[in-house]
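Common to both upcoming complexes is subunit A, partnered first by subunit B, then by subunit C.
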Partner chain A sequence: MSLLLPRLPGPACESVIRDFLEHGLERWRGFDPANLPVSVRFAATGGTPVGTSELEELRADLEELARAHGFGVTNDRNSLAAFDAKVAAWLAQAELFSTGEALRDDVWSFVSAVVAPDIVHWRFGAAIERYIGGVRNTFQRLWMRGRALDRGPDHPERWKLLTKLTEDALVQITERPSIGSDPVLARAVGEAWIRASEIHGKSAMESIMRRAILGIRIRNEVRSLADLRPDNLADILNQMFEI
Partner chain B sequence: MNRRIAFPFLTLSDAAVEATPWEVSIDGVEWVEAGDFLSNWDSSSDIHVRRRFKVLREIVAADLSLPIEDLNLSLGVRIGTGQGRLPRLVVSRHTRAVDWENPAWQFESVIKGGMLSMVLDLHAQVTLASSPNRPGVLSPTSVGDRLWSDSVRIRLEGEEPRFPIETADLGQILGGGLQGDAPWYLHWSPRDWNRDFHGAVRLYLNRNAIEFLERIENEDPHTLQLVLADIMSQICERFLVDADADIVETEPGSLAAQAATWLRKAWPGKDVAFIRSVLESRPGVFRATFLSLAELGEA
Partner chain C sequence: MTEPIMQLHSEPYGSTGNIGENFRRLLGAPTLDPLQTVIRESVQNIADAAKLGKGPEMLIRIRTLEAAQRDILEHHVLAELPAEPTSNRQIRETLDEDPLVVLEVCDFGTVGLGGPTRSDRIPVGTKLTDFIDFLRNIGTPRDTGHGGGTYGFGKVALYRASSCSTLIVDTLPHDAGPDDRRLIGCHVGRSFEIPEDDMLRRFTGRHWWGVRDPEDGVADPMTGVSADALANALGFPDRRHRGSGTSIMMVGFQTEDKDLSVSAGRIIESLLWNFWPRMMADLPASRRFRCTVMLEDEVIPVPEPESLAPFDLFCKAMRAARHSEGNDVRHIESLRPIKSLGTLAVEKGLKSPRRHLVPTDSLVPDQLHHIALMRPVELVVKYLEGNPLPDERLEWAGVFLASDEDEVERAFADSEPPAHDDWIPDNLPKGNEKSYVNIALRRLREAASEMGLQPAPAAKDGDDGPPLARLAGRLGSVLENVGGDGASRRRATGGGRGSRPKRARATRPVFEHLEVRKDHKIAVFSTELTQDAKRSGAVLQATAAVAIEGTKLDRFGEGAPNPEVISIRWADGEEVAKGAVLALAGREGGLEICVRVPEDCAVTVEVEVLEEAVSR
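Presenting the complex of A and B:
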């Protein structure tokens, strides 16, 4: 039986966040899984609503990961990037987010606005799109990256794409539904980015990536790239990345 | 087949692929023809899907201008899920080489209910499996070239119609204030124009506006026209405010693509600069254009 996750509708999420930001971090009373906002709801059927102990555990795990990367102490760019990579890998493997529930925006609104708004604030400040479900949501975007760029449990460097790719590259892949929704294509694009960055240098990659993504999207309309043999796909992507 | 795209090679006519309608079943119990919505599903129920394909060799050869002995094709099915015009996640893909001795394929698959969310997306396609030796001038030549395809999107959860609409107490969800008395409220944000349109907008109807709700339920054309015009206007107006608004190069299915589609319908053949000038200098004309466009059947 699946675990059903709490859902916080968009307008209610905005209201919760407005309240959180107006009163300030200091006045936030912390996450209490036994006292969820009234607007939180669950799917009516199809599984068992997640219990307070699982939600407590989720909060504890996220806080532990954040503290290991400077939460409450520092927010330098390297620490934040390392936090992103670590949490992306963690979320992609978390049992709680292994079902279709994790494809819903309102689930991630709940995680960001109710479970861990303090961590979101440390990571992104008051930018509201980082709390509301969607491709910019602090945790949803990391879950999407982890799921799209996982090289598989048998790979010796399973999560290397998450640490090697720049923020710009990760955004270009996961915020394009035609690429980010398909792990085969997303991973191949990530691998091609790494090959290209070793030749062109990371500093040149932003413009190359933009041209490549445009070319991939156009090419994919007339040719089913994800269905090609891996070596064939890599050849095409090499051309796109000017290798 | 996506007819919006001008393919740089010949593609298959619908006559070249005989495909039965998709059939779906909850837990394999009762099969029904796939429609827009599959009722009685929840995540504890697996969905079974099936369809029969047959590729007709002679028609393929004629359509693609290829010798009959030079035809190597693949049939494929991609299964996806997640709200939006494009699936948020490709759950599985299945491919099979077309065997000309037995060119029919009875496809059947089971999708775990726990993997699904809100929508089931079934995409079928025929692609080129190997480069032909003697292609015609316009024949497809690259492995993977898309020759035929079709897609169905089946909603799995009743609360998610094609355009997400929900009845709510606006006073409660908007946190009080005059806006809580509005008959409707479009919840959306212009922060990310690449976001999938259906995931980015939701129309809330005020539970307390009884008469207005009755008009919506009765599909009163003038009421629907006003609501639709408001949706189009506010999204397009904000889109045009963005300096880099582009009505040509947009991500398919995105908020930007939807805005661009409406703007092109409202002002066929005009560029962004022209439309922006209408908004800036004649806002009344701008709104009136959308009111007119919103007449049922136009937008």
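Presenting the complex of A and C:
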């Protein structure tokens, strides 16, 4: 039976965050899985609610990942990018986020606002959209990236796309629903980006990527790109990326 | 300690007459059931009493009096009974009920009933007259700016909820010390006469229990230590700990439900149905109601409106109305004189499964199609019913929030009947205020009936294959979340078929077929144009765009293909215009729009009917 994750509805999340930001990090009492905010809900059916030990483990794992990248010590951009890549890969493989529960914004609101607001604050500061569920949520965006750009367990460099692609490229892929929600297409776009960057150089990629993404979205209306043979798809993408 | 005994005073007629027993009739015939009326009236009163900068905390409790409490009620509070036979019998019978159940409505963190205790003896300079307004006077105008109530009649509902029309009121005014607790009993019965010195002395039928003034015999509330002792002995919440506020006990709770837990469910449902805007989690603490419902000693949880269908949808509309930001927010205005009357916000969503709070006769409709009407105080006045959406798996909820400008707010407030459960323009004298209410209601009725009339997309026979909408809907309903912010059709622009629309309009263009020409492809779209009564539609203008992710690409350049409207023709064959603009010359009917389709993309078309010719 699948595990149900705690859900924190949007408005409740906003008030939790406002409270957190108002009182500051120092006054935050830490995450206590035995004492969740009253507005936290579970789905009525479909599994068993997650236990306190799993939630404690989640908190410990996230904190360990963050500390390994300078949480509480540094805000260096490179270590933040490395943190993103690491957490994306970790979330994509986490048992806890392997069911449809992870598709829900309110689940990610809970993770960001209740389990680890301190880590969100370290990563992004006070920007509220990083705490509330959605494509910009600190952890949800990483989970989406991990899921969309996983090369598969048998690949020797399984998570390479996460480390190679720039933040701009990652955002272009995951924030476009027609691309980000389709792992086949998302991966193919990621691979094409790497091929193109080797030719054009990383600095030229931002505008190339924008044009390519627009072209892909337009073509995707009349052709099911993800259903093409991989070599055909790569050909079309090469064209888009001006290779 | 021996508890003190309260004394009875029956109100005699004044030399110039009194309002007497008609008091009970004053409430009119409320459109709500009695329990809902009690909850509405009491909570409205509490809302008005929450002037201390914090939201009121309220406790609504159904309980059976224990033997000791019954004894106190019978021998210390209602020890003397009125001489009038019907009143006497009613109270006697209630006191003999076994079990004797009472309904209590208590509030904390509010102002309580302070001020003088006599209507005719108000020291000069007194501002606060809550006590006499609630207990002595009838029909006192409101003094709470933008408050929930505007009359003083609503309290009759409370008397009605008691099987012997008797209330026990315990109050601690906020500006007073802990020894200023006041306790008084009141009963409303028939008027009656007693022979006295060859004359008939007439009485109004109102009776009070308290401490009789040795001079004129009028009962004032019992106060101080005696009131404290007696109120606590009756089981009222302790005021020394919980602070100022008022507790009202309806002696002999009248209910149609055999099972009291059903009544408790009804109370919770009434609270939510009438006060959900003030129970929302994102309200500042100064406005938020904190409600506790108890049955005997057990707390019955009150769900948050955000987490209970269909209130979650209302909450979404409410947030849209408050911030003027949502999927469908409209400003309702009066043109003569120009005045903003308020904001209407409508939200649509998948109908979530209901969790019923009561087994039968629920106030909450199965498929929502209602606009909640309210003034800025955000108490629901009533629900305006519209048309349900044709697809039963969907529902819509609207919120109309009247403007907080004084003149407009007052117009709506003054149009309310004593029970505050309607807006009746005829209650107002002729003038601007009356038109404000009239215009707003007319617009709202139009909007409400328009909602359900959204035409279903034109179904095409032939090669489209079986429709998947129903299956898709079923799959979609598995996702419980109501918040559908995705692509959705905005409201239709006019009424139903048959009648002329207010403005000339054309339906959203539907793709018909592709035509392959020598060197390019043409997509043909159809639309149906309807003129208004004055045939004022002069020009049809079509705009083509590249389709992308269920909508259109609103950005050009950067190498994006550029589709072009090449002609518009009447469906009867006569090609009239090259390009994207067609002069209508008063005509209406079916039209075909031809769009050149660039390679490797899909196109959409939007049309607009203009009343004046565009220069091009």
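Worth a mention:
We take it that the second predicted complex is superposed on the first by the 243 of 243 C-alpha atoms of A that agree within 3 Å, B and C clash if a C-alpha of one lies under 4 Å from a C-alpha of the other, contacts with A are read in each partner's own complex, and residues count from 1 in each chain.
One rule holds for everything that comes next: a residue touches a chain if its C-beta (ideal position, glycine included) is under 8 Å from a C-beta of that chain, and two chains touch if they have at least 3 such contacts.
The structure presented is a predicted model; accordingly, all values stated were derived computationally and were not measured.
Three-chain overlay on subunit A, with subunit B and subunit C in a clash. Judged by the touch definition given at the top, the superposed model places A:Glu221 against both subunit B and subunit C.
Of the two partners subunit B and subunit C, it is B that touches the larger number of subunit A residues. In the superposition on chain A, A:Asn75 contacts neither subunit B nor subunit C. By the touch criterion stated above, A:Asp182 is placed in contact with subunit B alone, subunit C being left untouched.
Once chain A of one complex is fitted onto chain A of the other, the partner contacts of A:Arg41 are limited to subunit C, with no touch recorded for subunit B. Of the two partner chains, neither subunit B nor subunit C is touched by A:Asn238. Once the two complexes are overlaid on the shared chain, A:Arg210 sits against subunit C while remaining clear of subunit B.
Once the two complexes are laid over each other on the shared chain, residue contacts for A:Thr166 go to neither subunit B nor subunit C. In the superposition on chain A, contact of A:Gln93 is made with neither subunit B nor subunit C.
Once the two complexes are overlaid on chain A, the subunit A residues touched by subunit B in the first and by subunit C in the second are 9-12, 15, 39, 43, 104, 176-178, 214, 217, 221-223. Those residues of subunit A that touch subunit B in the complex are listed here as 1-2, 4, 9-12, 15, 18, 39, 43-47, 98-105, 129, 132, 134-136, 147, 175-178, 181-184, 214, 217, 221-229, 232.
Those residues of subunit A that touch subunit C in the shared complex are 9-12, 14-15, 39, 41, 43, 104, 106, 176-178, 210-211, 214-215, 217-219, 221-223. Those residues of subunit C whose C-beta lies close enough to touch subunit A in the complex are 280-282, 304, 306-307, 315, 319, 480-481, 483, 546-549, 553, 555, 558-561, 600-602.
Looking at the complex, you find that subunit B touches subunit A at residues 2, 5, 7-9, 42-45, 74, 76, 80-84, 86-90, 93, 95, 113-118, 125, 127, 142-146, 166, 168, 172-175, 185, 187, 189, 191-192, 194-196, 199-200, 202, 204, 249, 251-254.
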